[in-house]
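One chain, subunit A, appears in both complexes that follow, with subunit B as partner in the first and subunit C in the second.
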Partner chain A sequence: MAKGLQLLEKLCQAFGPTSCEYEVADLICEELQGKYDEHTVDFIGDHVFRIKGKTDRKLMLSAHMDEVGLMISAIDEHGYIYFQPVGGFDVKVLCGRKLFVGDYGKEKISGLIASKAIHQQSWEERGKATPINKMYIDIGAKSKEDAEKYVSVGDYAVFDSDFIRFGDGMIKGKAIDDRIGCAVLCDIINYIHENKITPDFDLYFCFTVREEVGRSGAVVTANRIKPDMALVLEATAVGDIAGTPAHKRVADTGKGPTVSFMDHGTAYRSEMIDFAMKLGRDNDIPCQLKRYVSGGNDAGHIHKSSGGVKTVAVSCPTRYIHSASCVFNEADYDSMYRLARQIALCPVSETPVK
Partner chain B sequence: MINDLKTIMTTLGASSREDAIGDKLSEMIRPYVDEVCKDPLGNVIAVKRGKANDPQKVMFCAHMDEIGFVVTFIQDDGLVRVSSVGYIDYIAASNHRVRFENGAVGVLVPEGKTEAKDLRQEKFYVDLGVKSRREAERKVKIGETGAIESTLVKLGGKRYSGRPFDDRIGCYILVEAAKLLKKPENDIYFVFSVQEEVGCRGSRTASFTVRPDIGIAVDVTPSGDVVNPGTNLCVKLGGGAAIKVKDNSVMCDQALVRFITDLAEEKKIAHQTEVLTYGGTDASSMQTVAGGSRAGGISIPIRFCHSPNEMIDMGDVEACIKLVAAVAEAKRI
Partner chain C sequence: MADLFDLASRLTCGCSVSGFEHGQEEALEYIRDKYFDEMRREPAGSYVFVRHAKKPGYPRIMFDAHMDEVGMMVTQILDDGFLRITSIGGLDTRILPAADVTIYGKETLYGVIVSTPPHLQSGDAMSLPKVDDLMIDTGLSKEKAEELIPVGTPVSYRFKLTRLQNNCICGKGFDDKICAVAGIAAIEQLINDGYGGELILLLSTKEEISRAVVAAVYELQPDYAIVSDVCCAWVPECDKDAKRKTTVGDGPEISLSAITDVRFTKRFIEFAKKNGYRHTVCVEATSTGTNANDIPLVGLGVPTLLVSVPLKNMHTYSEVVSLDDVADTAALVAGFIKELGGEHNG
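Entry: the complex of A and B
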């Protein structure tokens, strides 16, 4: 497995739901030790690593560290634990799932989302998704007191899901959204460090918080840095799955990262789309346009920050996103890394912000 | 005059693709202002400097983007799938011609057997009159935008039918008002903003750059004098410039509303009060960006907004031009 993917595995296994991204940040800081000119952490936990460029034109490269998770909201007399979603969930992906429950700096314990066996379901309940307020986490506790020794209200839970390879170059894991972007950023920094490159742009590698709840750390970071141009690295939901008509498939896994022309947060300027697609073509990097208008990402906040920022979003096509088993193609990781690196190291004069 | 309006109306520019219309508006307004610049998102910001020692910054904002479509997929049979850019009423848009950025024209039609109540974006496609994907790809690209064809037709009296009056008529008003300016006391900013139809995005960044003291949106407002308007709207077509009190995105600065109303009275400019129970405008972003500003709106009454055949009254437009110019010439707001 390539070095980037090894790091990605570690990042995906980390416990980092929204506003509890510390474990992910710790891993990133350890990985990047001594490879940057400047490191800042802001008051909500965004980490920014700067590598000085030949010019003072700023390029913000952004990926978010948080993952979708659950927050513990109540513990009942049996020691069963109730929760609220943090980020967008389809309730159907929760039932019966294994979880890690805990908080930063606290030992994580195993739990699972209970689901009533079919034997006990009423006829009305059969075949229907259990509403989220009826679901609970079972940590095997004897009582409320017993449960409270391990879990407090306000703690988090995330999926317990292995990072494994299967089939023809496919990888499955949790939190691919957006640890894959974080891994790509680290890979670019490693490349710059190993090859002692001075980039043309003044590079700001931003590992942001709180994307999954829409109140993104990217707003704070972008307003602080005031970049000339921004690259957002993401994972995007794709529909190259059973039962989806061709025009709603969004993109295909294995055909390279997507470049977005429009999503629910951003209408990208055509010069930025053309710039990324041309870099891909000129360097034989597979890439594809995202062929559907859906979702949103940190670009929505970044492009509207301060006086406006020319922004492009490059995403890894990911099946079953926001579930315990996100699936992507490892060749897409490589293509995404190469395209992002080309953008990062592009001379200012060859970009739309020249 | 009407030729300028025609140029402004017929230049395609769906949200995020406003460069062509932005360039035309820059050229039109340039002789009447001191500076014109374009920001990273494509907003055109024109300024006429005031002669006061301590000028206020007064920003008039009209959005130059229009609602439209973006190509998302080209089928093997050459039919093109699109997604909405801004709010599209598909019942109104159904079976109209769509023109794309590089000039290709097609017809927006629903899949067969679609009932009227099911007319949603997913059901629609554009037929370019080609036989294969290869042929279609020579005409449009994925990610390319288009809009229902622009029209401008004179009806009875001073009324016109066409599109997109929302908000090219506002852009026209700013250009005409700039022509009337002599030597204002205050710094007057005329902003042609981008991406209003997808959530007032352009006016955010423009307001951040300008940092206005006073922000006034010049945009259309639905008139209530139609058959069964559905909700009570007080604005009437032909009733004069509509002075905004609120819409769903903004509560206007009360003193500013008073000021504009008094000025209209004093100058004998036809006006009416606008209380809009839905919708939003660039006034909202001007009010809240950076340190915030005192915000309001001078609106143009419109019927059948966001349809292929919107309707306006040139009497209202003339009143808006005079009122914008009067506010711009005012000594202290």
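Entry: the complex of A and C
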């Protein structure tokens, strides 16, 4: 497995729901030790690693560290643990899932999301998803007091899901959104460090918090850095499954990262889209337009920050996003890394902010 | 006491979807070598393990647990290596979208059940797709999928046996292999105690479909049958069986039913009470939903009782049982077999 994918595996296995991104940040800090000019952490937990460029034009490269998760809201008399979602879930991917429950710096324990067995459901309930308030987490506790030995209200839970290769070059894991962006950023820093490159842009590698709840740390980071240009690295939901017509697929796994023209947070400047697509073409890097207006990401905050920033979003096409089993094509990781690296190391004079 | 976690992990890791119970040979041979004189597979597919009598004068006692589990079967290979499936046994469709599965094709393959992205979903956000409308993502090309995965290939939940608190474990196929574990633990205890009678362990097949157990019992014609299966434990939000409150951790549940054997069962309950074995009693007047429905009428008739291990999330990859309950079931069954054999329970 390529070095970047090995790091991605470690990042995906980390426990990092929104506002609890510390474990992910620890791994990133360890990986990047001694490979940057400046490292800052703001009050909400965004980490920014700066690599000084030949010019003072600033390029913000951004990926978020948080993943969708659950927050423990109550423990009942029998020791069953109720929760609220932190981030957008399709309720249908929750029931039955194994979890790790805990908090940063606390031992994580195993649990699972449960509800009544099929034998205990009424005919009306069968064939319907269970509402979130009728599901609970079971850790094997006997009572409220017993459960409270291991879990407190305010703790988090994330999926327990392994990172594996399958099929023809596919990978399945949790939290691909957006540890894949974090891994690509680390890979670029490693490349710059190993090849002793001084980039043209002054590069700000931003590992942000709280994207999954919309109140994103990228706002704080962008307003602080005031970049001239921004690249957002993401994972984007795709529907390239058998029987889906082309116009509803969003993008296809295996055909390179997507460049978004529009999503629910941003209408991207066409010169930024053309810039990224041309870099891909000129360097034989597979990439594709995201062909559907769906989703949203930190670009929505960044492009409107500090008087406006020319922003491009490059995303890995990912099936079953926000579930325990996100699926992407490992070749797309490589293409996404190469395209992002081309953008990061592009001479300022060849970009839309010249 | 046998290592229950080890036995559970051996018995639940292979393919044992109803009708495809062929992925268990290694575990079955381990059990045969450790506890029995012989193992055979009878024509309908059940595995019969026999430990011959060491002394004369004992009744022939059979312990039955079914070794099949619910699962899926491949019905069609689609473009880009997606598979159409159908269910084998009563699947709980709430747990299927984005679930991990194991495909037992020419190679053992990983797959994930498709979860339709929100922009492609139409209608009620809470309605679940039927199994026949689901697909499995194999990540393979259509050609490769066709080569490796013939139509008719069984598919099972993929899982990791996980320990929870209070000696509870979480995994798949505990219905009913956790009761096989209880039976094996009971037999190990009887062997250790020097029990002299014949002991038959029946790991029956196709319970989830057609209860093929009767074929094996016809040939065996035991004097007594002790059937063990899992029962749905009470959980929150569960109002259907409000009066049935056995929970995981309460010990075995004994089923009292007009169609098993009331007198035999009452003798069992009396034995449990007299000797202080933890248990609960559940009345299922006219159906137990298990092999114990069918065994009493095989051949000349077989006195049959049903003892159940409480289980949560039945028919999912996150079934939960307490190993304490399994151990208590084993101890109760072993004690009662000694009583039936005329040996005093120590």
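Definition applied: the second predicted complex is superposed on the first by the 352 of 354 C-alpha atoms of A that agree within 3 Å, B and C clash if a C-alpha of one lies under 4 Å from a C-alpha of the other, contacts with A are read in each partner's own complex, and residues count from 1 in each chain.
As a convention for this text, contacts are C-beta pairs under 8 Å (C-beta built on N, C-alpha and C of every residue); 3 or more make two chains touch, one makes a residue touch a chain.
Just so you know, these numbers come straight off a predicted model, no measurement behind them.
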item	value
Overlay on subunit A: subunit C relative to subunit B, clash or fit	fit
Computed vertex angle (subunit A) for partners subunit B and subunit C, CA, steps of 10°	130
Of subunit C and subunit B, partner touching more subunit A residues	C
Touching partner for A:138 - first (subunit B), second (subunit C), both, neither	second
Partner chain(s) touched by A:292 [first = subunit B, second = subunit C, both, neither]	both
First, second, both or neither for A:310, with subunit B first and subunit C second	first
A:74 touches, of subunit B and subunit C: first, second, both or neither?	neither
First (subunit B), second (subunit C), both or neither touched by A:167	second
First (subunit B), second (subunit C), both or neither touched by A:153	neither
First (subunit B), second (subunit C), both or neither touched by A:197	neither
Touching partner for A:41 - first (subunit B), second (subunit C), both, neither	neither
Smallest separation in angstrom, by C-alpha atoms, between subunit B and subunit C in the superposition	10
Subunit B/subunit C common contact set on subunit A	248, 292
Touching residues on subunit C, where the partner in the complex is subunit A	78-82, 90-95, 97-100, 109-112, 114-120, 125-128, 130, 135, 137-141, 144, 160, 162-168, 170, 232, 235-238, 240-241, 247, 249, 312-318, 320, 322
Touch list for subunit A against partner subunit C, complex	76, 78, 80, 90-93, 95-98, 109-122, 126-131, 134, 136, 138-142, 146, 150, 160-162, 164, 166-170, 172, 237-244, 248, 250, 292, 294, 319-321, 323-325, 327
In the complex, subunit B residues that touch subunit A	15-17, 39-43, 70, 72-73, 75, 81, 83-85, 122, 142-143, 195, 198, 201-202, 204-206, 208-209
Touch list for subunit A against partner subunit B, complex	228, 246-248, 261-262, 267-270, 273, 289, 291-293, 303-310, 353
